[in-house]
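Shared between the two complexes below is chain A, which pairs with chain B and chain C, respectively.
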Partner chain A sequence: MSSETLFRRITDYAHRADPYPLYAELREHGVARQEDGKYLVGTYNEITALLHDPRISSDVRNRTEPDPDLQPVEGLPPAFIGRDDPEHDRLRRLAMRPFGPPHSPGRIDTLLDDIARIAGQLADGLRDKERIDLVEDFAFPLPVTVICDLLGVPAEDIPQVHTWADTVVSGLDFAPGEDPGPRRRAAHEARMAMGLYLGGLAEKRRGRPTDDMLSALANDEGPDGRLTQEELMVTAVLLLIAGHETTVNLITNGMLTLLRNPEALERLRKEPELMPRAVEELLRYEPPVQFLPQRTPLADVEVGGVTIPKGVPLVLVLASGNRDPLRFADPDRFDPARRDNVHFGFGSGVHSCFGAPLARLETQIALTTLINCLDGPRLLEDPPVYRNSPVLRGPRHLPIGQTGR
Partner chain B sequence: MQIVVDLNRCQGYAQCVFLAPQVFELHGEEALLYVPTVPEGQDERVLRAAAACPVQAITVGEQAGEGAGVR
Partner chain C sequence: MSGETRDGRIVIVGASLAGLRAAETLREEGFEGELTLVGDEAHPPYDRPPLSKQVLLGRAGAGQCGLPARRELNATWKLGVAATGLDPLGKNVLLADGEHLPFDRLLIATGTRARPWPNPQEGALEGVFTVRTSDDSARLAAALDAGPRRVLVIGAGFTGSEVASACRERGLEVTVAERGRAPLIGALGGTVGDWATKLQRAHGVDLRCGVTVTALKGTDGRLTGAELSDGSRIEADVAVVCLGAVRNTEWLADSGLAAGPRGVACDAGCRVFTMYGIVTDDVFVAGDVARFPHPLFEYQLIALEHWGNAVAQAEVAAHNMISPGPRRRPHLAVPTFWSSQFGLNIKSVGVPTFSDQVVLAQGTPGDRRLVAVYGYRGRITAAVTVNRAKWLEHYQRLIESAAPFPPGPGAADHLADSEPVPSDVPDPRVLTHGPTVALTGHLPDRRLTLIRPAG
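Let's look at the complex of A and B:
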């Protein structure tokens, strides 16, 4: 089939359970121009070069033809994920102050016990169940409870926040043939509502600091000053959605992969100290963000012998780079002890995932807890039903049975 | 447990600092400082930090140097 239709085929829901053969086809073609003018890149070295190239913008306002799916909300500035340096750097550093080094190096470490406690409570709830939905019963509530707690969102508001987050993410879906107008408008409204809500929470804390990140973002003044109210709103929305929609998939894909590879699961049961490396391998093998759809060259850029013109949509298929046989030996094999595993699970370069350390810790603790608590777990559906999004790819539900129950 | 960081490779992603803040420290925005002999009780955190390094610059062993057992 023509390489010009690869993007259409990758985003087609029919390929959600196993897009990897399409990624192999993409790598065969190097840089693949699509029928609608998009450029797809799926080879490791080329993706690395582009992720570290300052001529590649993350700001979709640099597109020659505006992409209606990626428009910022009217009246709000884009969050740092959609900005370029130096603004990206300023906003990210301000958001980092209450989250990690150099200003708050111990923040994530102090969450360790909380994460283990929440994971333990959720796991206790699974013990006597014959049939578990890993997504609803474990993989979703764990990271959502942690991120809401970290930001300072009260527990009683989590269902509302979840509804907004789902609406925003479904706005990123690609559904050929459907009128995307209503979906897009709903996503913009949800983003705005979420921003106003989080901005309001921060406002309440101004002058009355509490222990959470919203309070720090509202009150702390560093060398870069402070976020404006609008910047605070979009930053908080970004952190909440990212902390909400990606770790769920990493944990779920993790359990799915371990149940498909029983010898790996058994090995981790015997050698729990291997878990950090197993999670890195998961990030390579089944990354929660499959591709980056919002890059744009600021000039004509040559890569892999092809000139990608200024202003066109550039899609970096991270999940394909992660399976590039020129970089990884036996790339389609899940090897929990893999060495030299420099994967794109969190991207690379200045935009590399802000929440990576939290996602790592949550997933390591989640999988260790599950391995210890589940009794003879087995997949009840394989492949499971997937969520719609080809970007934030993961099962909608993951039914698991336990023996002897 | 001993650690060695290849500081030529280190790019200041600081993943190790998040995961083992008593062993790794950022000096300013990017320069990394670390304790080569891992303090007691920090082994698990150091293994997490080493696995997380996006440029795989951290080597962990029972003993650093030639012939060290690498984990």
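Let's look at the complex of A and C:
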């Protein structure tokens, strides 16, 4: 089939359970121009070069032809994920201050006990169940509880926050043929509502800080000053959504992969110290963000022998780069002990994942807890039913049965 | 691997970062023979970068900087014993305690030490410090804790600038005396040095450039101040001598190896040369003490006092020590280093002094974030970032592929009117018609040199 239709085929829901043959086809073609003028890149070295190239913009306002799927919300500035330096750097630095080193070196470490406790409680609830839905019963509530706790969202508001987050994420979906208007409008409204809610929480804590990130964002001041109220709103929405969906998929894809590779599961049961490396392999093998759809060259950029023109949509297929045989030996094999595993699971370059240390820790704890508590787990459906999104790809439900129950 | 290379006796002289990482790599790659590490300090291997930063700020104790052991080494450690000589024919390392340590293969990783104050009596005054070892740093941190009225820093290279930064952060008065016209000029050139001048003054450093300290003064064995070449006098109760490093090669003086004040010369595979320029095959070198040819910098022998180089070179040296010829690798890592001072993170890739021009590629000078790119004869040879380290990988690619200088426009934070200016470093010695050299490949075993004849 023509390489010009690859993007259409990758986003087609029919290929959601296994897009990897399409990625192999993409790598064969190198840089692939699509029928609508998009450029797709799926080889490791070329993706690395582009992720680190300061001429590649993350701000879709730099597109020559505006993309209706990627319009910022009216009335709110784009979050730092959709901006370029120097503004990107200022906003990200301000958001990072209360999250990690050098200013908050202990933030993630102090969550360790909480994460283990929440994971343990959720796992206890699975013990006597004959049929588990890993997504609803475990993979979803764990990271959502953690991110809400971290930001300072009260427990009673979590269901409302979840409804908003779901609507926002479904607004990101690619669904060829369908009128995206209503879905997109609903997403914009949800984003605005969430922003106002989080902004309101932060406002209440101005001058009366509690020990959470919203308080810190509202009160702390560094060399770059402080976020404006609008910036705070979009940043908090971004952190909440990013800390929501991706980790759910990472944990779910992790259990799915381990149940498909029983020898790896057995090995991790015997050698729990391998878990950090196994999570890295998972990030390579089934990354929760499959591709980055919103890059744009600010100049004609040459890569892989092709000149990508200024202003065109550029799509970096991270999940394909992760399976590039020129970079990873035997790339389609899940090897929990793999070394030299510099994957794109968290992207790379200036936009590399803000929450990576948290996601790593959550997933390591989640999978260790599940391996220890599940009794002879097996997949009840393979492949499972997937969510719609080809970008934030993961099962909607993951039914698991236990031996003897 | 053949049995011959897997067994036998390997001695590593130098038990700091390069020595430790080499030992780990040897075991990692299957060396099963006897492994001995010799170090002149009594401490197990520790990390030096924090000694001029976090330790001086009191955020970490000097004793808390131990390097993590990444694997079981099954090695014999001889710590607190210096090597005093090498018998290359009998294949023995001579130790200060009189022991003769036999080896089949030897790795030299003795590094450098702080250049002492040239006048030993003045240098022995209480209140005069250098910063190189853990003990040095612990003593200086204690002296800063005591709240001196003024600290004099002699030399404004990276160590001197970091010490000055730590003093200001502690609220101490500090005078910096630098012989050059600006701080950091030796590593980054005058143009970036001028920026560093403004940075230091903005942070309240009493910066005196173009002067030398001619004498340290004391009463009753305690430092009281210093005299400068411009006739002025500084009252100070602490002086930190930051005059660079001396390579620890004296113990090799009679070894017949190409070892001297500029380091121990080796080939691209870390094998040491004899004084006649003949390569040995059983003596290897890595880390600060090594001088090695780098194709990106016209095969000049370069010596780097960089953390990253110590690690990369130690890994290559260890690999080559236990690999047959065709499986050996060249040490082609592009140099990188970092510094943190005055609240900024400064990082570099390439060799900034190997340049004739520099351009501000991203950011603005007044901003707390920028990328300066260095070029030599129309190709990119280095980049320095301030608070923008994540862009370095891009510039490393440009350096490795001998990309044209200045880099093209298009960066989102590129200033339209930014033009190359002289980098203001001494002209590197060059061939008249040098070939253009690029490194190929991204994995260690695929890194090769590609030479394109000059057109």
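Convention: the second predicted complex is superposed on the first by the 405 of 405 C-alpha atoms of A that agree within 3 Å, B and C clash if a C-alpha of one lies under 4 Å from a C-alpha of the other, contacts with A are read in each partner's own complex, and residues count from 1 in each chain.
Simple rule for what comes next: a residue touches a chain if its C-beta (ideal position, glycine included) is under 8 Å from a C-beta of that chain, and two chains touch if they have at least 3 such contacts.
The structure presented is a predicted model; accordingly, all values stated were derived computationally and were not measured.
K.L.:
Quick one: on chain A, after the overlay, do chain B and chain C clash, or do they fit? Just give me the call.
P.N.:
Here the two partners, once superposed via chain A, clash with each other.
K.L.:
Touching A:S352, do we find chain B (first), chain C (second), both, or neither?
P.N.:
both
K.L.:
Let me test your reading of the model: by the given contact rule, A:N45 touches which partner, first (chain B), second (chain C), both or neither?
P.N.:
A:N45 contacts chain C only, not chain B.
K.L.:
With the two complexes superposed on chain A, say which partner A:A299 touches: chain B (first), chain C (second), both, or neither.
P.N.:
Only chain C; A:A299 stays clear of chain B.
K.L.:
Go through the superposed model and pick first if A:A337 touches only chain B, second if only chain C, both, or neither.
P.N.:
So A:A337 meets neither chain B nor chain C here.
K.L.:
Considering only touches as defined above, state whether A:D85 meets chain B (first), chain C (second), both or neither.
P.N.:
It touches chain C, and chain B stays clear.
K.L.:
Choose the clashing stretch of chain C with respect to chain B from the list 19-27, 199-207, 325-333 or 433-441.
P.N.:
19-27
K.L.:
Looking at chain A, which of its residues have contacts with both chain B and chain C?
P.N.:
348, 352
K.L.:
Show me the residue ranges of chain B that touch chain A in the complex, using the header's touch definition.
P.N.:
Spelled out, the residues of chain B in touch with chain A are 13-15, 17-21, 25-29, 44-45, 47-48, 50-52, 54-56.
K.L.:
For the complex, give me every residue of chain A touching chain C.
P.N.:
45, 48-49, 52-55, 57, 59, 84-86, 89, 223-224, 297-299, 301, 310, 327, 348-350, 352
K.L.:
Once bound in the complex, which stretches of chain C touch chain A?
P.N.:
343, 361-364, 367-369, 371, 387-388, 390-391, 393-394, 397, 408-414, 442-443
K.L.:
Could you please specify the touching residues of chain A with respect to chain B in the complex?
P.N.:
Of all residues in chain A, those touching chain B are 100-102, 105-109, 273, 276-277, 279-280, 340-342, 346, 348, 352, 356-357, 360-361, 364.
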